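Here the structure comes first, spelled out in structure tokens, and everything after it is commentary.
Going by the order they are written in, the chains are A, B, C, D, E and F; count residues from 1 in each one.
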Amino acid sequence: MTHDETPAAAGRPRLETYAKKRLDIIVEAPIMNRLLDLLDRLAVTGYTVVPALAGRGREGSWRRAGLVSDAGQMVLVICVLDESRVPDVLEPVYKLLSRQIGVVTVSDVSVIRREHF
Amino acid sequence: MTHDETPAAAGRPRLETYAKKRLDIIVEAPIMNRLLDLLDRLAVTGYTVVPALAGRGREGSWRRAGLVSDAGQMVLVICVLDESRVPDVLEPVYKLLSRQIGVVTVSDVSVIRREHF
Amino acid sequence: MTHDETPAAAGRPRLETYAKKRLDIIVEAPIMNRLLDLLDRLAVTGYTVVPALAGRGREGSWRRAGLVSDAGQMVLVICVLDESRVPDVLEPVYKLLSRQIGVVTVSDVSVIRREHF
Amino acid sequence: MLDLVLANLTSPIVLFFALGLAAALARSDLAVPEAVAKALALYLMMAIGFKGGASVAGHGVDARLIGAVVAGALLSFSIPWIAFQILQRTTRLPKLDAAAVAAHYGSISIVTFVAASESVRLSGLVAEGYLVAVAAVMEAPAILTALWLAQSARKAAGRGADGDDAEPQGALLREILLNGSIVLLAGAFLIGWITGDRGLEIVSPFLVAPFQGVLCLFLLDMGLVAGRGLRSGWRELKGPVLAFGLYMPLVGASLAALVSLPLGLSAGGTALLITLAASASYIAVPAAMRLALPEARPAIYLTLSLGVTFPFNLTLGIPLYIALAEALP
Amino acid sequence: MLDLVLANLTSPIVLFFALGLAAALARSDLAVPEAVAKALALYLMMAIGFKGGASVAGHGVDARLIGAVVAGALLSFSIPWIAFQILQRTTRLPKLDAAAVAAHYGSISIVTFVAASESVRLSGLVAEGYLVAVAAVMEAPAILTALWLAQSARKAAGRGADGDDAEPQGALLREILLNGSIVLLAGAFLIGWITGDRGLEIVSPFLVAPFQGVLCLFLLDMGLVAGRGLRSGWRELKGPVLAFGLYMPLVGASLAALVSLPLGLSAGGTALLITLAASASYIAVPAAMRLALPEARPAIYLTLSLGVTFPFNLTLGIPLYIALAEALP
Amino acid sequence: MLDLVLANLTSPIVLFFALGLAAALARSDLAVPEAVAKALALYLMMAIGFKGGASVAGHGVDARLIGAVVAGALLSFSIPWIAFQILQRTTRLPKLDAAAVAAHYGSISIVTFVAASESVRLSGLVAEGYLVAVAAVMEAPAILTALWLAQSARKAAGRGADGDDAEPQGALLREILLNGSIVLLAGAFLIGWITGDRGLEIVSPFLVAPFQGVLCLFLLDMGLVAGRGLRSGWRELKGPVLAFGLYMPLVGASLAALVSLPLGLSAGGTALLITLAASASYIAVPAAMRLALPEARPAIYLTLSLGVTFPFNLTLGIPLYIALAEALP
């Protein structure tokens, strides 16, 4: 798999795609604003926040239904970025979340529209 | 990594899985219906739409809370399909979204139940 | 790609990541509780449930808006776990869902914080 | 009766349903957010239950109440069996689909019940408050009959008593009986009963006064959902299945009319019992079917119940049932 | 008039808007969930439409009604053209952004309309109920003018009549006209008209009595949204664009005052027509612009309409328009 | 007092809480959508604040008001310190968990306050409207005390004054004080104060009349949340911690009773001040703790506050506090 800026899928003649990384950060709702501010400061090109309904981790389980306080609820922040930026971003994100509950995963994706990232 | 229709994980004896591709399309809510109609016309076997709460891109940031108009909000459309179909689908999706804001990623997944895709 | 417990990204000196698997299970809302109970019994370390807004599969399309009954609605359950656990988990999940509509995908991710999974 | 039909057709409730239906069929993006639709449903259950309970608190428990509850349970148990036989003889629906559809017609639609209550009141009749209890009791038995029908069908097809991968029957029963809408309707009924007029006075500006307006909004949403269902589920409904959605209410109504004869209910109460029997569920039963009979197709049973039978009852059915109740000796 | 301004500034509606604005600017995490904000918007459309229709049912259709509707449509068609010319001459906005902004000012803000209705009532004036119909009619024409302006701009730039990847014009028009808020406003108007006072009585404890309180909650949310928009969109609004958001309402108002002269409306009705012309859309038009002119930037048109013009109208504009209407012969 | 306990236990509010609790413990799928729960909380804050402010507008500001506000702030600052000492001596909770729990008991539960207001009214007593202001003032100080306790604990453990990765204290303070529920309660209070009876009249069909019914729905939801919390958090609550949830309210109540002696409040007002001191937060404080003391476990503080102390206060505590207030000289 190619991580450089050459088209990732040599077998497809029609539309070029580029290899990037996707971060999935599951984080408590009250911390979300801090995380987004951090991502802004790190100048990632973009991110998208998806709500979570329920979950379980080492700290027990939670359900969104009916909770009147944001405490204990989670959101999923998706951030697609260039591989070269991953360490710069992971490090401070890890630091921010170190005392919080939550999960960070990194995976490989291809994108069209390279100018976006 | 195998992209053909042979079981992807040779090391696992128990349940066969098959290599497929997953498209993640982040798109503005008002465009969603057009995108879904397009996917229907392209006869993809299925898709799932997940709401987004907030995000940031080149066009600035947005938050779902309180917005009374759909304008500027995003949804995430997930579509698992066979690698052979990817170019046929990416091309028109790209065309539809070319003037819109949004992001498209492609990634590798394995599935059980091959008949689904 | 390394699936063992050695850091996955040799090129990155700063923060170690570990290779894991991510399950994405799209399942009907009324079945969700059964699935989560099953995952609890299987002692996966955690999962997160994300709502779905709309979708289409072989059984036709659905939209969340306005539905007064949970029937026919979907949620997306994300579960990050060690590769070694994948077959043990996939098998009973497959069995539970065999008569239900829904989709299961498996993909590769890296995580920081190995103790989590 | 024509007057009643006309008054019914031009009631805001029916017109908002029609507006929703038309908007969905025209592919407008008008939509009620899911959370709000669920809240409206909670509100209706809470209000109906509470008012019913408070009215029982006022009138006390007597033999008639018990008779009506028993009659309701019997109707709910038996109607699915009749519906199943009819479907088997007149349509080509697979047995499991037929069982699932049958369950919907044995159970009840609480919104149809409410709309009928209004029409009964407009006709100058009075109905017993405890019919809410009858409604609550009729929600679930139909599901049990349908499960039994499905199991016989599975056995006949040589597929064991539900497959070894299925949930144990006890757990399934618990899931069905603890369905949120049943719990809230019954719970609010109990609370209304316990707190009586004192309680009703406290909650009345929330649960009683705005009730019909809220119902309009809920019916707008139901029209939207029904219209979307019709748009996508239409092709599944072949002639005989469609026809079933129109005549099965009348079958249930006739049965209820018979059963009501010895009960000594008022004409209004009889009209409501008939309406309950004629109505088809679209909240509790679909959820139960996804758990218990996942092979049955929602596109069929939801479209039939919500897209065909519900509008029929709302417009023509209810005036008919009131006329029928008034004609009974 | 100073009294009216003061009474206006200390009305709960304006104060809740100010609270929301302040909370958002101070970065409080106060937020109204999206589903609830949408439900509030549905409620307002439903209530306004219904009340308008019921009032037409009471007064009947006459030449004045038709005249007002026609005048409204003409205003909505022509204001965007004027706004576009002004923007072209006074700002450096790209043509497509200018066309999108223009569409917002030709269309209307239903909340501004409602707030004006309250102020009119407080001033002891009465307004014709059918101005709701005028409001509904004014929602869409401005969008058409803007599309036409954009197309001319595109042609001038040599980029064909919209690109071959665009939706066909017919489909686009359908999407715009079937926008949920337009359908609900018009539909509720029709239902109010059909059911008249009888219907109004039924829904009034839900749609009439709590209306102003609900409006307060809605305005709290609008303040939050406007504040968030101002915080992030502020740097987009250069001096001349910002100024446009403040004087363009007055341009629309003057035009409407002229047009109203031959209509024979009451002073209250004239004030409302002027308010409609002066107000800028933030529900229907932004959604249409994302579909039809995706290159235009929401940060500009939404911030201008919701963050600048809406507060201006709510606080200073409305008393001014009432004074203007009263000053007309 | 037994009468009062009984009337309390059979009030619709308490019964709906019990229904929710029972449904959750029985694993029913009854649920109030998150968006709706949040809207209900917004509604309660808005209504309570507005009514309190309007009542202050009616009565004016005097020394007593100021005295009560100061007393409330002192209670909120000091109770966490007492709670922390007790927890340290009687339980094995880690210091940070103890500090987090302590914060909850120093702050207040607005729903307990509202329920007590109703009981006070039913007992034929009258309470000063400005106690809402006291409630708003008591929300936050407890958090500061808890942070100070936690910091001392961290220092003692040699872990620096919060780690270099932490948010700066100023930012944290801003986040805590601008918590949505505090802003809305205080803002609505101000608006109520500014607009007075005129404003109250406008919003009353929305904020006053249906208030208690809405409260029933909210308590149904709180019962569901508490029940789910108890089901999963039960095993965390060892004997002494559980006991703390039952006697700590009485400690807070006694302290408040002492403090109230020189304030010259009416018996009703004193009962409310005692209730505030006895109640434990479950909205503002948990959110603040996730930001400020993330190592503290929500399973402990939320279960204790919502699953133990809230039901205790709702059923037995409130009648006790009223009796206590009446017994004071």
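Quick notes on this structure:
Methods note: a residue touches a chain if its C-beta (ideal position, glycine included) is under 8 Å from a C-beta of that chain, and two chains touch if they have at least 3 such contacts.
Predicted model only: the values in this text are computed from it and were never measured.
Distance from subunit B peaks, on a Cα-centroid basis, for F.
Two copies of one chain, subunit A and subunit B, form a contact in which under half of the residue numbers belong to both partners. Taking the CA centroid of subunit A as reference, the farthest chain centroid is that of D. Subunit D and subunit F have Cα centroids lying 41 Å from one another.
Rounded to whole angstrom units, the spacing between the C-alpha centres of subunit A and subunit D is 45. In subunit E, the positions touching at least two other chains are 29, 31-36, 38, 209-210. Counting partner chains per residue, subunit C shows two or more touched chains at residues 50-51, 61, 70, 107-108. Against subunit C, the residues of subunit D that register as touching in their complex are 31-34, 37-38, 40-41, 163, 165, 167, 221-222, 224-225, 228, 232-233, 282-284, 286-287, 289-291, 294-295, 297-299, 302. Subunit D meets subunit F in the complex at residues 33-36, 38-39, 42-43, 46, 50, 174-175, 178-180, 183-184, 187-188, 190-191, 194-195, 199, 202-207, 209-210.
Across the complex, subunit B meets subunit C through its residues 1, 12-15, 17, 20, 22, 36, 39-40, 45-51, 75, 78, 80, 107-113, 116. Note for the complex: subunit D touches subunit E at residues 10-12, 15-16, 19, 22-23, 26-36, 209-214, 216-217, 220.
Every residue of subunit B that touches subunit E in the complex is listed here, in rising order: 28, 30-31, 34, 59-61, 63-72, 95-96, 98-101.
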